[in-house]
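Encoded as C-alpha cells, the structure appears first; notes follow it.
We call the chains A, B, C, D and E, going by the order they appear; numbering starts again at 1 in every chain.
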Amino acid sequence: MSFLKRSKAKQVELSSGVSIQTTASKSEETKIVLWTYDESQLQEQEIQALEEVLPVKDGHKVIWINFDGLSETAVLEQLGQMFDLHLLVLEDVLDANQRPKLEDYDDYLYLVVKMLYYADVQRSQVVVEQVSLIIGSNLVISLQDAGGDVFDPIRRQLRNPGSRLRKAGADYLAYTLLDAIVDHYFVVLDKLAEDIEEIEEELVENPTSQTLETIYNLKRELIFLHKSVWPLREVLYRLTRGESPLFTEQSRIYLRDVYDHAVQVIDLAEIYRELITGMLDIYLSSVSNRLNTIMKVLTIIATIFIPMSFLTSVYGMNFKYMPELEWRWGYLCVWLVLITLSGLMLFYFRKKKWL
Amino acid sequence: MSFLKRSKAKQVELSSGVSIQTTASKSEETKIVLWTYDESQLQEQEIQALEEVLPVKDGHKVIWINFDGLSETAVLEQLGQMFDLHLLVLEDVLDANQRPKLEDYDDYLYLVVKMLYYADVQRSQVVVEQVSLIIGSNLVISLQDAGGDVFDPIRRQLRNPGSRLRKAGADYLAYTLLDAIVDHYFVVLDKLAEDIEEIEEELVENPTSQTLETIYNLKRELIFLHKSVWPLREVLYRLTRGESPLFTEQSRIYLRDVYDHAVQVIDLAEIYRELITGMLDIYLSSVSNRLNTIMKVLTIIATIFIPMSFLTSVYGMNFKYMPELEWRWGYLCVWLVLITLSGLMLFYFRKKKWL
Amino acid sequence: MSFLKRSKAKQVELSSGVSIQTTASKSEETKIVLWTYDESQLQEQEIQALEEVLPVKDGHKVIWINFDGLSETAVLEQLGQMFDLHLLVLEDVLDANQRPKLEDYDDYLYLVVKMLYYADVQRSQVVVEQVSLIIGSNLVISLQDAGGDVFDPIRRQLRNPGSRLRKAGADYLAYTLLDAIVDHYFVVLDKLAEDIEEIEEELVENPTSQTLETIYNLKRELIFLHKSVWPLREVLYRLTRGESPLFTEQSRIYLRDVYDHAVQVIDLAEIYRELITGMLDIYLSSVSNRLNTIMKVLTIIATIFIPMSFLTSVYGMNFKYMPELEWRWGYLCVWLVLITLSGLMLFYFRKKKWL
Amino acid sequence: MSFLKRSKAKQVELSSGVSIQTTASKSEETKIVLWTYDESQLQEQEIQALEEVLPVKDGHKVIWINFDGLSETAVLEQLGQMFDLHLLVLEDVLDANQRPKLEDYDDYLYLVVKMLYYADVQRSQVVVEQVSLIIGSNLVISLQDAGGDVFDPIRRQLRNPGSRLRKAGADYLAYTLLDAIVDHYFVVLDKLAEDIEEIEEELVENPTSQTLETIYNLKRELIFLHKSVWPLREVLYRLTRGESPLFTEQSRIYLRDVYDHAVQVIDLAEIYRELITGMLDIYLSSVSNRLNTIMKVLTIIATIFIPMSFLTSVYGMNFKYMPELEWRWGYLCVWLVLITLSGLMLFYFRKKKWL
Amino acid sequence: MSFLKRSKAKQVELSSGVSIQTTASKSEETKIVLWTYDESQLQEQEIQALEEVLPVKDGHKVIWINFDGLSETAVLEQLGQMFDLHLLVLEDVLDANQRPKLEDYDDYLYLVVKMLYYADVQRSQVVVEQVSLIIGSNLVISLQDAGGDVFDPIRRQLRNPGSRLRKAGADYLAYTLLDAIVDHYFVVLDKLAEDIEEIEEELVENPTSQTLETIYNLKRELIFLHKSVWPLREVLYRLTRGESPLFTEQSRIYLRDVYDHAVQVIDLAEIYRELITGMLDIYLSSVSNRLNTIMKVLTIIATIFIPMSFLTSVYGMNFKYMPELEWRWGYLCVWLVLITLSGLMLFYFRKKKWL
C-alpha cells in the first residue's frame, strides 16, 4: 500500500490541441463494458467503439459504462464530447493522484473514490486504485486504470431480474457501487486488526526490533488509510444532505448507510492508530525494563565478585612480611570471609528485590 | 471488552428474495415479550408468534415489544412488514457492528445504542451488546442478540401501577430505556476508577512490567469506551433538540438528563485517559530512575575496588627487584593506602549525593 | 482534591412515592437561612420550617434562601412544591456528581457550579463542593451539601444598606454569588503556580523521584480543574448571550466580567498543564543526563585500571622463563608504562570532553 | 517575561463608597498627557488635573489622553464620571491580570491589549505591560501602569502636520496605537528566532544540560506569548468585521493589516513551539546516542581485557603441578594467545561497526 | 528553505511623504514586462517606464504586467497612482514577510502567494519567493522581488494563438498563474518523499546521529511548508466561493481545481509529518535497542570471566597452608571447574535468549 510517492504523470495532447497530464499505465488496454437495463430487460456487452453507445443514449433505460484502462486518451476525449463533460473532469480522471472528492456540474456529478482490495488470497498486498464515477440522470460511467475491481456482486445482482437494483434508477446503481467500495475497506481493516492482535501478543511475550518495524509499518498504513477515507466521508455527507437532485430522497436513505460505514471505517482507523501509539510507548518501556534486568545481572555479579577478587589479590601480594600468610588457618579464614561477604550481598539484593 | 474485531457476518436470504448480512448468533433462540399498558392496565406476556401483537397494535395503550435473540430472521421480516419498517432498519438490527446512531423515518425513529454490563459479580468481564430501539407514536420495540440486559428496574416500575412510567407515553418509556443503559456505563467507569487508583499506588510503591500491561489494557478499554459513547452523545443531543415530534416537550426535559449523563461519561473517560497517559510517562521515568540507582551501585563498587585491586596486583608481580616487597612495613603501608583510597572515594560519592 | 471517584448514591423515597438518588451526607443537618431585602430593608433569619418563607414569597423584595446540608429530603420536596420546581431539579440538587450546567425552565433557571476553597490556612487541602442555584424573577435559592462557603463577603455587602447589591435585583445577587465562586478559583491557581515554581527550581537543582510524584499530582489536579471550569465557561457564555429574560441587560454586563474570569482560569490552567508537560520531558532528559554522568565515571575508571591490572597480572604469572622478571629495571619500567598509559587515557578523555 | 504569577491586587475604596481591586504599583505617579489635534492644529500638554480636558471635550478635534501610572484612583474615578464610563471598565483598567479583550459599551469601546518591549538594549528582559484603550467618537484614552511605551513614532507622526494621522479621526489614531503594539511583538519574536538558531547549532555541536534549560525557558516564553496574542487576534477580527460604528470602513481596512500581523505573530509562535518540541526529541535522542558511545568504549575495553586478565591470572596460580609453567616457550605462547585474542576481538568489533 | 528569520526591512520615503517599510533587495533592478492580448493579437514587450502602459490601459485586451525586482519604489508608487491602488497594497508588496492572503478592494483583488522552486538542477536548495498578484477586470499585475519564476509554460501558452488562455479573460490568466505556483509545490514534496524513503531505509539498516539531524531538518521544512500552504488554501477557498465578481463562474470551476491541489499539498505535508514523528519514535527505540545489545555483550563477558578470575586469584594467594595447591590433580580440577562454570553460564544466557 504505497501512497508515499505520487504517480508519475506524462503530457498527452488531445485532438483539440489542449494538452493534459495522465498517469495511466500505457500497457493496459482500454476495455469498455456497456450495461443497459430496466426492470424487464438487461443488455450487457463489451464494446469496441463509443459509437455503440449512441443508440441507447437517450432512451429510458439505465446505462452503466465501465472503463478498465485509461491509456486510450482519444476514447476518453470522445466520451467527453458525447456526454458534454468538462475538460477538468477528463483531466482528473486521468490523474491518479486525486483526493476523494465530489464535484457538481449541474447535469452530472463527478466523484473520485479510492478503491482498496487485495490482489492475492494471502492478503499480503493491498491494491489501491482510483475510481472515477460520473453520475447523470440515467447514466453511470465508472472509470479506473487497471482491471480488477470489487463490483462482481453488483454484476450478479444486475443479472437477477428480480433484484432491487433492476427496479431502481441510476442513482441507486451509483449507491451500490459506492457501497461495494466502502465495504471492501473493512476487509483491509480486518487484516490490520489481525496484525495488531498479533503484535499485542508479541509485545507481551517477546518484543524484538522486528516488532518495532511492523509497528511502524502499521502506523504508516493507517495514516494513509485515514487520509483516504476522511475526504470520502465528506463526499458522502454532502450526497446524503441532498445537494444534488440526481439522487432521489429514497436513494439518499441508502447513501446514509454508506456514510455510516465510512464513519465506522474512520472510527476503527482512529482506534487502531491510538492502539499503535500506545504500543510504541509500551515497547519503549519494555526495552528499558529489559535493560534494567540486564544491568541487574551485571551489577549483582560485579558487586559480589569484585570485592572478593580484591581480597584474594591482597593475599596474592609478594610482601616479605605478611603475617596472615603464615597462620595455620589463614586460608580457611579467607574462605569464611568470602562466603560471609557474598552471603551478605545476596541478602542485600534480595531485600532490594533485585533477585 | 473486545471491540477490536468486528463480528463475523453471514449472508441470509429473506423470503422476499433480498439477501442481507447478519451477525446474530445462531444458537440463541428468539424470545419475544410483549407489554401493553396504560395508567390502569398492564399486560405482560411472552409471545410465540408476532400475530399476537395484532389485536393490540392500533389501540391506545403503549406497546413495548422486547426481542432477545435475533437468529430467526423470518420473524424480523414479519415485524418489518407489520410495522412498515425500512429494509435498512432490519439490516442494521442484524448487524452488530454499528456505531450508535439515530435515524428518523418520519413515522418512527430508529436508534442504535451500545449496552455495557458485567456478566458476573466479580466484574471481571464486561459484556458489550448492541440494542436497537424502534420508537413509534405509542410503540417501542427493543431488539438485542443475547439475553441479559439492564432493564429489570424498568420492568419493576412498569408493574407498579402508581409509577410515572405507567402514566406517560411511549416516548417516556424510550427515555427510561436509554437512561438505564447510560447509567450502567457508570458501573464500568467506577470499576476503571478503582483499577486506576490501584495502579497509581503500584506506580509509587513497586512498578513492575505487569503494571505496564495493565496500563496498556486500561488505555485500550478507555479508547473503546470513548468511541462507543461519543456518537451516543450526538444521538441524544439531536433528540433533546426536538428534531422529532415523537418526543414531547416534557420527555425532552428528561432526555436532557440522559444527555448530561452521557457527557459526564465522556468527561470521565477523557480524564481517565489523560491520567493513564501521565502514568506511562511516570512509569518510563521511574524505570529510568531505577536504572540510575542500579548503575550507581555498580559504579560505586567498581570505582572503589578496581583501583584497589590494581594496587594489590602490582605487588603480586614477580619481579626480582621490587624494593617495597622487602620493606618491614610495606604490607602495612599498602593497607593504609587502600583504606585511605576507599575513604576518599566514599567521601567523593557522598559529596555527589550518590550515597 | 479527589474528583476521581464519584460520590456514592443512596436511594431515597419521596412522600409522593417517587424514589430518587442522593449523595448527601447523612450526618449534616439542613440549615436554612432566609434573606429578604430591598434598598431600604433587610431581614436575615435562620428558619426551621419552609413555611416561614410563605409570608414574603410573593412580595416585591428579593429573597435569598441558602441551604447548607441536603440530607432532609422532605424539606427539599416541600421546597420543590412551594416554588413549583421540576422533579429533575431536585434529583440534580441531590446528586453531587454533576457537571456545571445551566437549565432553563422558563420560570426559573437552574445552575450547577463547582465551588473550590481551602479548608485550612496551610492550603494543603482543597474542598470541592457542588452548589446549585435556582434563580427566579426575584428569588435566588442556593443549595450545597456541606457547610462552609465563599459567600461571606456577599453577606457583608448585603448588610451594608448603601451597597449596589441592595439596590439591584435577584439577578445581580446571582451574579455576585457566581463571581465569588469563580474568583476563588484564582486562590487555587495561585497555590498551583507556587508549586510549579518550586518544582521548576528543584528540576534544575536536584530532581528526585519525589519531584516526579509531585509533577504527576499537579498534572492530575490540573486535569480535574480544567474539566470543572470548562463547562462553567459555557454556562456563563449562554447567560451573557441573554438567553434568559431573568437577567437584565445591566446584569449581563457584569456576567461578562465573570465570564472573562472563567476564561482566564481556563487559560492559566492550560498554561500550567503545558508547563508541567514540559517539565516531564526535562525530568526524563535530566535523568538520562545523570545516567550519562554516572556511566562516564564508571567507564573512565574501568578504562584506566582494567588495562593496567592486566599488565601487572602478566608479571604475576609464575612461568619459569620470563626474562623481564630478571631485569634490573623491570619493575621500574612497568611503572613507567603504567603511568604513561593512564596519562594517555586521561588525555583521551579530556579530548572527548568527558572530564 | 514572567506571566506565571498574577499580580497581587489590593482593595481600594472609591469616593462613591464602592471598593475595587487594583494591581497598580503605588510608587509610580500618574502622568497625564493631553493631545488635541485636527489637520491644522496640534496641542500637546502634560496636565495636572482632569478639569483641563473639559474645554476641549466637546469640540471637533481629536482628543488623545495618555495615562502613565494608575495609582491615583481618584483621578480615574473622575475620568469615569467625566466620560460616563462603566464601573467595570475602571475595575478592568486597574487589574493588570486581564486577557486581551474588546468590550462594546455602544458609546465607546474598551480594549485591553498586552504591550511587549525590551527595557534594555541587550534585549535580555522583556517588559510586559497591560494597555487599556478607551475609544470614543473623537476620543482615545490610553492607560498603562508603568511609564515607557512603544508610542514614540506615533508622537512624531502627530507633530508632523502633513501626516495621514493628523488628517484622520480618532479611530485611525486607535489603529496606529494597536499597530505600534503588535509590530513590537516582532522584535520579541526576532530575539526568540535568534535564540532558537543558537540552540539548533548547540544541539548539533555540543548539547549540555544548559541547553536543556534554555529549551525549557524558550518553550515557556512561547506558551505565554501565544496565550497573550491569541485573544488579541479575536479582538482585532471583531473590529475588522465592523461590529462597531466607531471605526469607519476606511479604518477597518487598516485594522485588517494589524489583524494580519497578529495572525503572523501567532503563526511564528506556533512554528517556534513546534521546532522546540522537535529539539527536545533530538536532545533526548542524542543523549541516548552518547550513552551508547560511552557504553561501547566500556564494553570494548572490558571485553578485550577481562578475558586476557583471566588467562594471566590462571598462570598466576600457585599449584605445584602446572606443566605449562615449566615449558621453555610457555611465556611466549601466552603472549601469542593474548595478542591473537585481542586481535580477534578488535576484528569482531569492527565488523559490528563499533569502532 | 529558511523561513525562520523574517527579512530585514528598511524605511523608504515615498514622494508623497509617506514612509513605508521595504524588504526588497537593493541590488536587483526592476524589470517590467507588459503583455497585452486578446484572441487574435498578442503584444509582449519589456518596458522602461510605466507610461508605456497608458495607451493600452483602457482597451478591451487583457493586460499582464510582470515585475521582477521591487527596489525602485518610485515606479511602484507610480503604479499605485495609475491603477488607484491602496497604500496598504504597496506596503504589502514591498514586505516579503507576508502570509498568503486575499484582500478584496472591490475594484481589484490583492493576493499574496508564496512561490517555491528549486534554483538548481540537483534540487538541493529551495527558493521561497513572495508573489503579489493584483487582479482587475481585465488586468493582472504580478510582482516579485527576485528574477526567476515558474511562469515559463504560461508564457509559451500565451504565444500560442489557439490556446484557451488567449480566448479567456484576466481571471483565467490569474488562475493559470496560481495553478503554476501550486503545481510547483509538488516538485518540492516529491523531493521530500524521496528523502523520507531514504531515511526509512537508513532507520532499518544503520541509523546514525546523522539520520537524526536529517529527520529534524525534514520536520523543520515540513512545518514551514505547512504554514505556507495552509493560509493559501483559505485564499483559494474564498475565491472558489465566488466572493468576488472579478472571477466568472467558468473560472471558478478551474479555481476549484487549484484548490483541490492545495488541499492535496496540505494532506501530503501532514502525512509526511506524521511519518517523521513516527520515525523519531523508531529512532529512539532502536537506539535503546542497540544499547541493550551492547550491554548484553558486556554482561555476558563480565558474568563469565569475573567469577572465573576470582577462582584463579584464589589459588594465586600465597598462604603457607593451602592443601589444594599440593594436590596432584589440583590444576586440572580447577580447569574442569572453570569449563563447567562457563558452560553453565552460556547455557543460562541461551535460555534467556541473550545469545
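We adopt the following convention: a contact is a pair of C-beta atoms (placed from the backbone, for glycine too) under 8 Å apart; a residue touches a chain by one contact, two chains touch by 3 or more.
Source: prediction; values computed, not measured.
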item: Neighbouring chains common to subunit B and subunit C, by label; value: none
item: Turn needed to bring subunit C onto subunit E - CA fit, degrees, nearest 5; value: 145
item: Distance between the centres, which are taken as Cα means, of subunit D and subunit A, whole angstrom; value: 42
item: Between subunit E and subunit A, distance of the C-alpha-averaged centres to the nearest whole Å; value: 26
item: Per-residue overlap in subunit E, given as positions that touch at least 2 other chains; value: 284, 288, 291, 295, 298, 302, 306, 309, 313, 316-318, 322
item: Subunit C partner contacts - residues on subunit B that touch it in the complex; value: 162, 164, 186, 189-190, 193, 196-197, 204, 253-254, 256-257, 260, 263-264, 267-268, 270-271, 274-275, 278-279, 281-282, 284-286, 288-289, 291-292, 295-296, 298-299, 302-303, 306-307, 309-310, 313-314, 316-322, 353-354
item: Contacting residues of subunit B [partner subunit A, same complex]; value: 3-6, 17-18, 86, 88, 91-92, 97-99, 101, 103, 206, 209, 212-213, 216, 219-220, 223-224, 227, 280, 283-284, 287-288, 290-291, 294-295, 297-298, 301-302, 305-306, 308-309, 312-313, 315-318, 322, 324-331, 334
